[in-house]
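Each chain gets a letter, A, B, C, D, E and F, in the order it is written, and its residues are counted from 1.
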Amino acid sequence: MIIQNQHVLNMASKGQRIDNRGQDEYREIDIERNPVEKAEGSAKVTLGKTIVIAGIKMGIGKPFSDRPDEGVLMVNAEFSPIASPNFEIGPPGDDAVELARVVDRGIRESHAIDLRKLCIEKDEKVWMVNVDIHIINHSGNLIDASAMASIAALWEVRLPELKGNEINYDKKTSKRLPMTAKPVPVTFVKMEGNLFMDPGLEEEEVMEARLTVTTRDNGNIVSLQKGGAKPFTQDEIENAFALAEKKTKELRKLLN
Amino acid sequence: MKRKDKRKPGDLRSVEIKAGVIEQADGSAMVKMGRTIAVAAVYGPREMHPRRMRKSERAFLKTTYRMAPFSTTDRCRPGRSRRSQEISMVTREALEPAIFLEEFPKTGIYLFIEIIQADAGTRTAGINAASVALADAGIPMRDLVASVAAGKIGKDYFLDLEYKEEEETAADVPVAYMPRTKEITLLQMDGDLSVKDMKGVLQTAIKGCEIMYEKQKQALRERWGPNAADVKKELKTKTAKPPSGTLRGTPSGAQASTKTEKKR
Amino acid sequence: MIIQNQHVLNMASKGQRIDNRGQDEYREIDIERNPVEKAEGSAKVTLGKTIVIAGIKMGIGKPFSDRPDEGVLMVNAEFSPIASPNFEIGPPGDDAVELARVVDRGIRESHAIDLRKLCIEKDEKVWMVNVDIHIINHSGNLIDASAMASIAALWEVRLPELKGNEINYDKKTSKRLPMTAKPVPVTFVKMEGNLFMDPGLEEEEVMEARLTVTTRDNGNIVSLQKGGAKPFTQDEIENAFALAEKKTKELRKLLN
Amino acid sequence: MKRKDKRKPGDLRSVEIKAGVIEQADGSAMVKMGRTIAVAAVYGPREMHPRRMRKSERAFLKTTYRMAPFSTTDRCRPGRSRRSQEISMVTREALEPAIFLEEFPKTGIYLFIEIIQADAGTRTAGINAASVALADAGIPMRDLVASVAAGKIGKDYFLDLEYKEEEETAADVPVAYMPRTKEITLLQMDGDLSVKDMKGVLQTAIKGCEIMYEKQKQALRERWGPNAADVKKELKTKTAKPPSGTLRGTPSGAQASTKTEKKR
Amino acid sequence: MIIQNQHVLNMASKGQRIDNRGQDEYREIDIERNPVEKAEGSAKVTLGKTIVIAGIKMGIGKPFSDRPDEGVLMVNAEFSPIASPNFEIGPPGDDAVELARVVDRGIRESHAIDLRKLCIEKDEKVWMVNVDIHIINHSGNLIDASAMASIAALWEVRLPELKGNEINYDKKTSKRLPMTAKPVPVTFVKMEGNLFMDPGLEEEEVMEARLTVTTRDNGNIVSLQKGGAKPFTQDEIENAFALAEKKTKELRKLLN
Amino acid sequence: MKRKDKRKPGDLRSVEIKAGVIEQADGSAMVKMGRTIAVAAVYGPREMHPRRMRKSERAFLKTTYRMAPFSTTDRCRPGRSRRSQEISMVTREALEPAIFLEEFPKTGIYLFIEIIQADAGTRTAGINAASVALADAGIPMRDLVASVAAGKIGKDYFLDLEYKEEEETAADVPVAYMPRTKEITLLQMDGDLSVKDMKGVLQTAIKGCEIMYEKQKQALRERWGPNAADVKKELKTKTAKPPSGTLRGTPSGAQASTKTEKKR
């Protein structure tokens, strides 16, 4: 293990990676739409060996009292123990909570869903959008895989029929969610002072710091999240902004 | 009597089984039975936690059955329910008889089953996936465990009920079975049947298990057999696990029966 | 302990039992009706040294949305730590959950309660039937003792007075629950290849497999539950059906 | 002033005490005070879990008070409430002074109290049952702890309030008392009383404890005394526990006082 | 530690204390009103080194069905781990629950709040009074510090504006809670047979028994709570009543 | 553009910092930023529980951020929320780079942050308090960590947003910074900014951190410096902790830089 870690770091110090990728190169990405028919929308993202499924279930509920005319978005992530020997059963750990909240902020801050259009009756009744992220295999960079799966699933949603207060889940209509944007995350790790995109599991184990830059369609940044136990310099962060701006155009194409 | 999806009473739904679907796991499998999708992963044998669950004379098969929140018609909340707790337990008991647990005293074998889509028969799909995953992990087994439910609609015994049939059947009888030793490792029933019908439904389910068994073996051959394309690909990128344990589980393996005799 | 276990098995291999019972013989059964006056109905079953109390509390609530015109049955079992040195405080363990669910299924599948008659106002207001099973001493075969206590308690229920949305628990009416059947469980264990009814605690500790056959008044099977870490043969199971059919008539008399 | 059930102010409700009601337990007792029913079981001394609660110089009396869901007018949900958590604690503190805990360092004595029917005075009934169960388990004790509540309705001090009286009383004062040493081990009060009345109510409760004490001793004699029918029956079927510890707890036992002197 | 404990006990046996206080002498008490403006009322009590903040948040809710025309009082105490190396994160422990319940009973039994005046609409809508006790530093006698902080905070409350079912927390009115009394607790510990008021932390660690006597303005006792693993004699308790009666007058002045 | 409270865009709210506010803690601090009040306490280094979180080569900084129920407009329920769980984690990561954790292998440093009043910027106030509390506890540090948020309203970059400004800003960007090494240890952002503006806001936040840093040092000087009135008072009543570790954390301390060089 320690030898493996040292090897990753040695290569990183020269700007190299154990799977021969470039510093700004992602692993192969595959997006499967609607693998779960029971969900109102779903997507399975395979990013190298990492596999994530996001499923959307719609519900009906009361709006928050400070947003009486808006639908409710809820993002939940579970690190299912099937996906890694290190995941445990129980309430979401720190990493799962951070993952869900980073994905949530990307969707929310880019106004990817026009939540006002999900109001059915002000103060009383709005659509609830439940985004559930399920990790099937953890081989690194869960944030990017989960964010892409979630946004892809949201764009696939077909609303079920609404009868009074009850949802008839067996009847899907042709109506979609009021989607307006495709926020895309780009995650970097810093190793030996160099930045690398789309970290694999072995890289995450030795990384010094992590930065996720989420941008919306016009290139504006809508969310940032630094992780890891070491700092960044201001230069490194500004450099990441520039690299993310480029890469995001490439990744966004996969979502079309 | 015809079935809504035009199957004959003794037909399974379309079945798809794939071994080795989760890279991180020591063994894994995905099973589709109609629209129901189950994924199983095995980690271990490894140190058993918590310590007080350690068994001095055998491995403990820690089994967890769960449903993804989006797997059901109404979103099902994450976390343990009484239903999932019971299914975890009967699943463990359905599989234990098949495993040479006594070969790994004090350890834990961790089995996780996730239902990705639920459309009737999730516990049977889970057991089928788990059984293949255990073999994929190289855990030595007496036999594979195959599982199918049966019921009775009108006068007919129907195999492998789908969701809409579950509402019409006079009973729902999930069964797990080890075809080589002809032993029943899971039997539950809800409904209302005369003893005669109950026997008929049980017999029907057992026949279904025998069909399922062949499909499980086929999936393991595809993964580990001499022509397995995947294995070759795998071998290049990671140290392949010796599939010896798996072989013991197949009825063709002489090693399996020897083992059984010695151990019993 | 191990010597004791071996002794039980040695006898079992000859079809014998440590308390000299026959293979299809139950320990002494006593049913006390309404030991707890505060409950709407209650029963205490003593089965050998095993003691179980079931108490019924009625409530008012919303029906499930897929059964808008039916009352709600809820069965809950607690393995109180007073009953055994091995029971622990905390959420119900696997055994307690299985016990409650097996009792629940026996009542539900035999339609012992006509739940439709418990509807007060469709979609809005129905009776809730709470069956709480309390183990006082655990000396084996909790399933049969609990199922009999539950069904006996249900037949004893006197509904409290209903005033609008509130229940006046201090005033019991003469109305009973709409009971239609008396499902009776017969539990077997397999030891050394032989079947034995009504296992004692020492037998449960060494049993290979367990089977509970619950039948309703006409002899039809309404619920089966296999337990234990070893298998049954098909013959053994069919044999159990036949034995249960006989014994159940005897046990049902105790509930009259 | 007359009481609804025609008792005199200084009367207890009808009391029934039975020791040895739970076969699995090391000691047990059932106490009925009017319609209130409490059952107590003692397991131990045995290894204390979790380890961090182990006391190097004495046993820990792990005490759990709970109510059966059907014991109350409205169903009470299973699981710990703040009320039951507090009662567990004051019950433990009410009993600790009576037990020679220092004789079993590092161990745990597990005491469970279940309220089967609640009709006022459940904590006092629980303490009475627990005290007898501890003696029944052969745990060496300085004395039995007896417990009764008192209150004031109109101008009278009333003993052992029942449910309807609790609503009328100016105060509810549960007391636990060791009659031999004349010491108070539990004292709580809710209400509104002048200091003078408070003293009167306390005095009333102490008198009630002395009556209760005689009934507890009687129950232990019935269980373990020379004429105890039960014991003889018991002896045939299981190895009887030596009731020596119990004897120390009775005021007539010279052994008890010696013990006390030596230890103090 | 053990030497320290012995020292405390040696002094106690002579009626002396390690900080030279008299047996019926409190440490310095300071009450700061409204340190937390966001709360509807708050108070910070410093008792020697012990620091406690009580904050009141008002809410709207349904009344209890057996008190349909009364507001609801809820007292909650948290032993925040900032306050002591021995406090842990998690649900309130025995001590925190006892603390909250003793404070609650003092307020409730003295009828310090006229809860009937907090009814907005019978059966439907009443004010909820949330008293939250937060321990900042634990240096002994949390009960007295918390009870005084709570009652001081309650007297400071300014009700927020009510608009239909919603509370506008940003607009505080000039209305106060319907307060009627100032219950005051006096806590004693018994060490080596002597009684001492206002125990410090070192004294609580060795005390034999504890008694809290809460009185209302006319001197009547409204609540008693004995704690600790040793008994009191009847004389000791009657003595405590007399001592408390005197001291309470002095302490009550601090609340005016 | 003018701010509601008449601050200039680059002004902090009124800041008050006090070290050593909790007698029981090994180190503590209170920070007020406008109406926001945070209290932090440090216990340790001491034995790490649970054992499985022990790190063989360094101390573990167990960090807990919580809000008092009365700190917010609507009462916030006690107990962990997903928000507080995330803030606990990013706070830990914001502070770890500053601490010589490697000096205390296998131990735990327990950091608790309580928000007494919440009016925007609670996580930055918490980090500022925690940083001072760690220094107050004598934990050896490379530098103090200072934290301030910035945003953009209209065309201006605004420092240290208060509650009402948070609703108007185009983005909320909390930053934590070590001024001596010029390194960023916390960076989060919610909003919508061009890359150019994002850089401007980050630059603004960093300037704010530098101002905050001076106030943190001042608070430590007041607590531990040669003229600290408190310290003298303290010395009489309890054994004063040597503030050596604290000194390492101040930029003037030569010891600190030596330490850093040796360790890196």
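One rule holds in what follows: contacts are C-beta pairs under 8 Å (C-beta built on N, C-alpha and C of every residue); 3 or more make two chains touch, one makes a residue touch a chain.
None of these values were measured; they are calculated from a predicted model.
Common neighbours of subunit D and subunit E, by the contact definition above: there are none. Greatest centre-to-centre distance from subunit F is found for C, with centres as Cα means.
Counted by residue number, the contact pairs of D-E are over half the same as those of A-F, the matching pair from E-F, A-B or A-F. Averaged Cα coordinates give subunit C a centre that lies 32 Å from the centre of subunit D. With centres set at the average Cα position, the gap from subunit B to subunit E is 59 Å.
Centre-to-centre, using mean CA coordinates, subunit B is 29 Å away from subunit C.
Each chain gets a centre from the mean of its Cα atoms; for subunit B and subunit F, those two points are 53 Å apart. The residues of subunit B never reach two or more other chains; the list is empty. Chain contacts here close into one cycle, and each chain has exactly two touching partners. From subunit D, proceeding by way of subunit E and on round the ring, the chains are encountered as D, E, F, A, B, C. Of all residues in subunit E, only 35-39, 42, 49, 51, 53, 55-57, 59, 76, 78, 80-85, 89, 91, 130, 132, 134, 136-139, 169-170 touch subunit F in the complex they form. Residue ranges on subunit B touching subunit C, taken from their complex, read 82-83, 85-86, 88-90, 93, 96-97, 173, 178, 181-195, 198-199, 202-203, 206. On the subunit F side of its complex with subunit E, the touching residues are 21-25, 28, 35, 37, 39-41, 43, 46, 64, 66, 68-75, 78-79, 110, 112-114, 116-119. Here subunit A touches subunit F in the complex through residues 92, 94, 97-98, 100-101, 105, 108-110, 211, 216, 219-234, 237-238, 241-242, 245, going by the rule given at the top.
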